[in-house]
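Each structure below is given as structure tokens.
Shared between the two complexes below is subunit A, which has subunit B as its partner in the first and subunit C in the second.
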Partner chain A sequence: MIGYIIKRMLYIIPVCLGVTAVCFALMYLAPGDPAQALLPPDATPEDAAYLLRLYGFDQPVWVQYGRWVLRAASGDLGVSLQSQRPVFREVMSALGNTAVLSAGAVLLAFVLAFILGTVAAYNIGSRIDQASTTLSITGVSVPNYWLGIVLVIVFAVELGWLPAAGMGSAGSDSFSLTDWAQLRYAILPIITMSVLPLGIIMRSVRASVAEALGQESIQLLRAKGLPPYAILTHAVKNAFPQILAVMGLQFGFLVGGSILVETIFNWPGTGFLLGKAILTRDVPLLQGTILVLSISFVIINLVVDVLQSIFDPRVRRT
Partner chain B sequence: MKNNEITWGLKRSASLLAAGLLLALSANAAKAESVLRVGMTVSDIPDWSGQPDQGYEGARFVGWSLYDSLINWDLSRSDIEARMAPGLATEWAVDPQNDKRWIFKLRQGVKFHDSCEWNAKSALWNIERLTVQTVPQFNPVQYARQRSRTGNLDRAEVVDDYTLAIYSKTPDALFPYNFYNWFMISPCAGEAAKYDYSEFAKHPVGTGPYKFDKVNPRERLELVKNAEYWDKKRIPRHDRLVLLPMPESTTRTAALLSGQADFIEAPAPDMIDRLKESGAQIYTNEYPHVWVYAFNTRKGPFSNVKVRQAANYAINREEMVEMLNGLAVAAGSTYSEKSPFFGGAKPYDYQPEKAKALLREANCSPCEIRIAMSNSGSGMMQPLSMNELVKEQLEQVGFKVTLSVVDWNSIMSISQKGWEANPDYDAVNGANPIIDPVSAIFRRYTTASNAPQGLNWGWYNNAKVDELAKQAQQTFDVGKQTEIISEMHRLTTEDPPLLFVVRDLNPRALGPNVKGFVQAQSWFQDLTPITVE
Partner chain C sequence: MTDITTGNTITFQGPPAVSGGAEARSRGYWAGVARRLRHDRFTLFFLALALLIILGALIAPWLGLPDPFQTSMARRLKPIGFKGHLLGTDELGRDLFSRLVYGGRTSLLLGIVPVVLATLIGGLLGVVAGFFGRGVNMLIMRVMDVFYAFPSVLLAVAISGTLGGGILNGLIALTLVFIPSLCRIAESATVQIRALDYIEAARATGASNWSIIRTHVIGNVLTPVVVYASSLISVAVLLGAGLSFLGLGVEPPTPDWGQMLSSLRQSIYVQPLICALPGLAIFLTSLSFNFISDGLRRAMDVKA
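Take a look at the complex of A and B:
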């Protein structure tokens, strides 16, 4: 197992190199340049050249990328061109904020999807199944930025039950999950972000549990007269590794943040940071964010794989 | 024993009473603190360590709160366009013996928030901070931000404790317009931070009406009242100013409606009625802004003045204003009739038949044009729907329009590099801050400003305008200078370098508990008179 984990950790290197190289190339293919966002519109070409030289953007792209890789390998992600703040600090603070939303969203989605998907699978073709399937399709289809705006209007503006935006009166520095006054700021964005994974996980739970219920081993348990809840427990146990994989993947996606949801709720997370970095061509910030997110994604998948092998020894054998 | 108990009891009671009193006092103090929370449209806190980034919004909320310039703005009236006013300099004039030497008399008795003295030495330190690459306080990023104001600056020198001389490279009667957004930071704090501006940003120090308190990057900047501010009329009438970046208009509007903000910039236009229902106050006012398209005057249909005029006559500006829910006014020229620089210009109005006739005369039918536009950006209002309407209106008179949508950074790049680097475009959509004649006319309509050296994207060339520009720069009599600029305005309306569409009314929404705000006709606003009940 340890060898497997080390092997998977080593995969992080080519994944990160590949992702950051593609991002680097895309930034240079797009019109505009990093100096543009720093200069007034009537700055002369000499001013632009001065800034490009100052930050090393006058070098060939492969040289710039090589230098960035060497610095990143020593833990230095550089300084944001726009804010002049260290990229590592910017990304880690944003990642922590997004983790609050993504963990909450996946947990909420998983609990609901697990219950509804299992009930639907056990009652295939029934009204409960139809309602669950409708909910699942709705979750996958509803644009989350639209849902976010609707939730804000209903629960923050009209009813006044929850705050509309931000991370509390003192911001993310003092954000605490154990303090209701702070936690309430996370509720609407968590609900908004949970809708898509809810739909996906629910579909997966329904399909996996239904498939497990159709297996011969389950038929045998029925023939032996086991009560329904015991049969369901066996079926769910069989389906769990597959569900876990889908859940892990969803958590990985959500850690990348949602530009739209985080913008609507003014939540200073990774999606918000990425959007800003792209629009202002802040290359160090974009590269640093992408690198940290790539590592997070690979680690999350690794954790899921390890958990899967714990729940299902067959995975380890393959 | 009993006595001891009594003493203990008394001591305990006294300490409880004292604690209670302290609590009550601190609760009252906390209650008494009035806080103004502002929802800005930017996505991050503008740089607070001197020259702010994020365009004029950065200067509006951060620059003018923490700092002052040599020249400030008088933002106390809403009925006239804001004018430059004495700031950290009380007066300025060109040296009668040397038309390249400007003398700035500095305000006496002003101290930075850290008690550092404001004098000619600190003024020179700040001028060199953004112009001289060899001094230790030089800040390359802020130098870059200020570049459009430093091109003609040669050097500065201390004359005496409260007099500074600043030299221009060429005689320039419009030279003072370069100093209204040049924010003065404390040299003592800069030196204490060892000229490291990220260190300085941990406790920035200026002379402004607010002092820095704390910051949470990307989330909030908190400033507190500077009770010792040198301009007693502008000591803030609230204790704390909290600046919150909120780039999404629906979020800002919801924040105001749910009581999370007291003052928001640019509320969502379709929620104005809802805001009014809730008791919110909607403020609008004209300001020096015009939403335009810069024509490529060297290649394609717009190289013909008749086609440029036809496009201007084709625009039904009232229909545009209606679409924008009344949050704009028609603009048929660079300046509005209220401006001292308007002169005898004849702004364009909607005359579709005349537009068709001009296109026929120009033999351009169908007149195919390609326009570059962005989906968002500073001063761009509602670019998607507005461009769609302009396309429809232009096509009604005989144009055939292709819109190319790019992001804001790309449109900035296209604008900066000029038509020659982007010959496929016949026009570029933009928003011009016409805050002073230099940025409104000189940097846009003269041959010397042809992009990439200036803002004249389409290389508009008019020999008369160039000649008048030279005259204006050498005319130090303000009255005569105004006459010359007005004539430039008349000429550039008759022979338009731009398609003029509308001026934004810059809507802002304030909570019902917010009083005392005067919306100046300016890109900048004074928050200090605001009270929060």
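Take a look at the complex of A and C:
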């Protein structure tokens, strides 16, 4: 097992190098030359010349890339053009807010998906099963940026039960899940975010529990006359590592893809930051946010794989 | 294998790999697929709905609809059924129904074209990687791994956010997002087929690599790739409209569902129902393509 974990950890080195290369290349994809993209519109030619030397744009591309990676590795992602604050600090403080939403959404999705998926798997082929498959396909078809607006219309505009946007008066620095005054701001975004993972996790719960139920060991339990509840417990235990892996992956997707939901709810997370960077063409902020998010995604995947290999030895063989 | 966009496990039970590809597989298989589809009313309903949306988008200029660009300050945000406006008007007084029908043009373009392009490019790369193996496989698949390391929404936003708005940049971004997963499907299908005896037999008769790929590999790889690609259309519709929603992708005044949803969002306190309509169009389109793809997958499953 240790061997697998080490191998898996070494594997992320080339992936991370590739990811940084893509993020670095983004700056060259931007229209205009990269120095121009870094400068505010009112910069003087002296500023431009200074920046050219500072960032080494006069050097060969691979030298620039090397320097950029080294700086990024030490937590220096440059300075945001808009706020004039270090990009790294901005992204890191936003990352926590995104993680709150994503974790809430995955947990909510998991609880519902687990119940519905298990019931569907136990009654495979029945009406209940068909209905749950339809529900899971519907879940992955809903544009969550639309669902968020619909929820706002219903629960904020019409009923007035929950706030339409924002993070509460205390702001992002002291977000507390135990304080209802703040938690109520997170409810609609979490529900909105949970629908897509709900559909996916449900499908996966159904498939893996159904597979476990079909195994000979389970049929033996059935032949022994074990009640359905006890049989299900065994099947779920077998299916769990697989479900856990899908959950972890979904958490990663939510953290990386939070831009739409956070834009709707003005939730000050990484997605919101990304949207702001695009709108204001703040290239250092854009590049830094994308880098941090994609590295986070790689690390989440790594953690998921390692956890899965601990819980389920079968994975290590492949 | 794990799916990039949904994270679920892809298992495919395709037709049995038979020498000679699609034709030699006999009419039996495809006749069976068609027969199963014909009896699947649920899928047929959504197929009809999708065709209706596509048809509406295609023939929009000849439907005699009100001008989707005609603004009117006096007729802003009118409710559904307001005289002359079937679904009311938007925040600039433009006819909403007309804009929804026209909006289908760009939304479907962003949903279908990237998937087709990615199927061609990714499929070809996958077949090449799977067939030639070794260094070629290493090179292609490791590059794909890097793109796999990005969540799809993030990659699409990153590329089009850097390139700037516009339909073309949106198409490029979405195509790049879908290439890796299609490449992986094609690669693993090719690797499976390459190991079969008849490929060895073809090689023994002196067939060239290219002719083996053309006659034996493509036909067998096509089914899993196409079934998977069909499921991506719904993802592409959601992502494409999402880009336009963010101000990337389609730019105003060109009507697009995502962009309409975004601009109508400011008016939820005035006309909540109207504001939800463009999103409903995205939802129904994505739902239709998803159910069609699911029906197709079931119909092609030879186990059934």
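Some points to look at:
Everything that follows uses one rule, which is that the second predicted complex is superposed on the first by the 261 of 318 C-alpha atoms of A that agree within 3 Å, B and C clash if a C-alpha of one lies under 4 Å from a C-alpha of the other, contacts with A are read in each partner's own complex, and residues count from 1 in each chain.
Basically, contacts are C-beta pairs under 8 Å (C-beta built on N, C-alpha and C of every residue); 3 or more make two chains touch, one makes a residue touch a chain.
Worth saying up front: this structure is predicted, and the values here are computed from it rather than measured.
Contacts of A:V157 after superposition on the shared chain: both subunit B and subunit C are touched.
In the superposition on chain A, A:Q84 makes contact with subunit B only, not with subunit C.
Contact with subunit B, but none with subunit C, is seen for A:T280 once the two complexes are overlaid on the shared chain. Of the two partner chains placed by the overlay, subunit B and subunit C both lie in contact with A:A30.
Once the two complexes are overlaid on the shared chain, A:G3 sits clear of subunit B and of subunit C alike. Judged by the touch definition given at the top, the superposed model places A:T263 against both subunit B and subunit C.
Looking at the shared chain after the overlay, A:G166 reaches subunit B, while subunit C stays out of its contact range.
Looking at the shared chain after the overlay, A:F272 reaches subunit B, while subunit C stays out of its contact range. Looking at the shared chain after the overlay, A:P228 reaches neither subunit B nor subunit C.
Counting contacts by the rule stated earlier, residues 30-31, 149, 152-153, 157, 263-264, 275, 279 of subunit A appear in both its interface with subunit B and its interface with subunit C. Within the complex formed with subunit A, the subunit C residues making contact are 2, 6-9, 142-143, 145-147, 149-154, 157-159, 161-164, 234, 238, 241-242, 245-248, 258, 261, 265, 268-269, 272, 275-276, 278-280, 282-283, 286-287, 290-291, 294.
By the touch criterion stated above, subunit A contacts subunit C in their complex at residues 14-15, 18-19, 21-23, 26-27, 29-31, 133, 137-138, 140-143, 145-147, 149-150, 152-153, 157-158, 200, 203-204, 207, 242, 246, 249-250, 252-253, 255-257, 259-260, 263-264, 274-275, 277-279, 283, 286, 290, 293-294, 297-298, 301. Residue ranges on subunit B touching subunit A, taken from their complex, read 43-44, 47, 53, 140-141, 144-148, 151, 197-198, 201, 216-220, 244-248, 250-251, 254-255, 257-260, 274, 406-410, 412-416, 443, 449, 452-455.
Considering their complex, residues 30-33, 35-45, 47-48, 50-51, 54, 82-85, 90, 93-94, 149, 152-153, 156-157, 160, 163-167, 170-173, 263-266, 268, 272-273, 275-276, 279-281 of subunit A touch subunit B.
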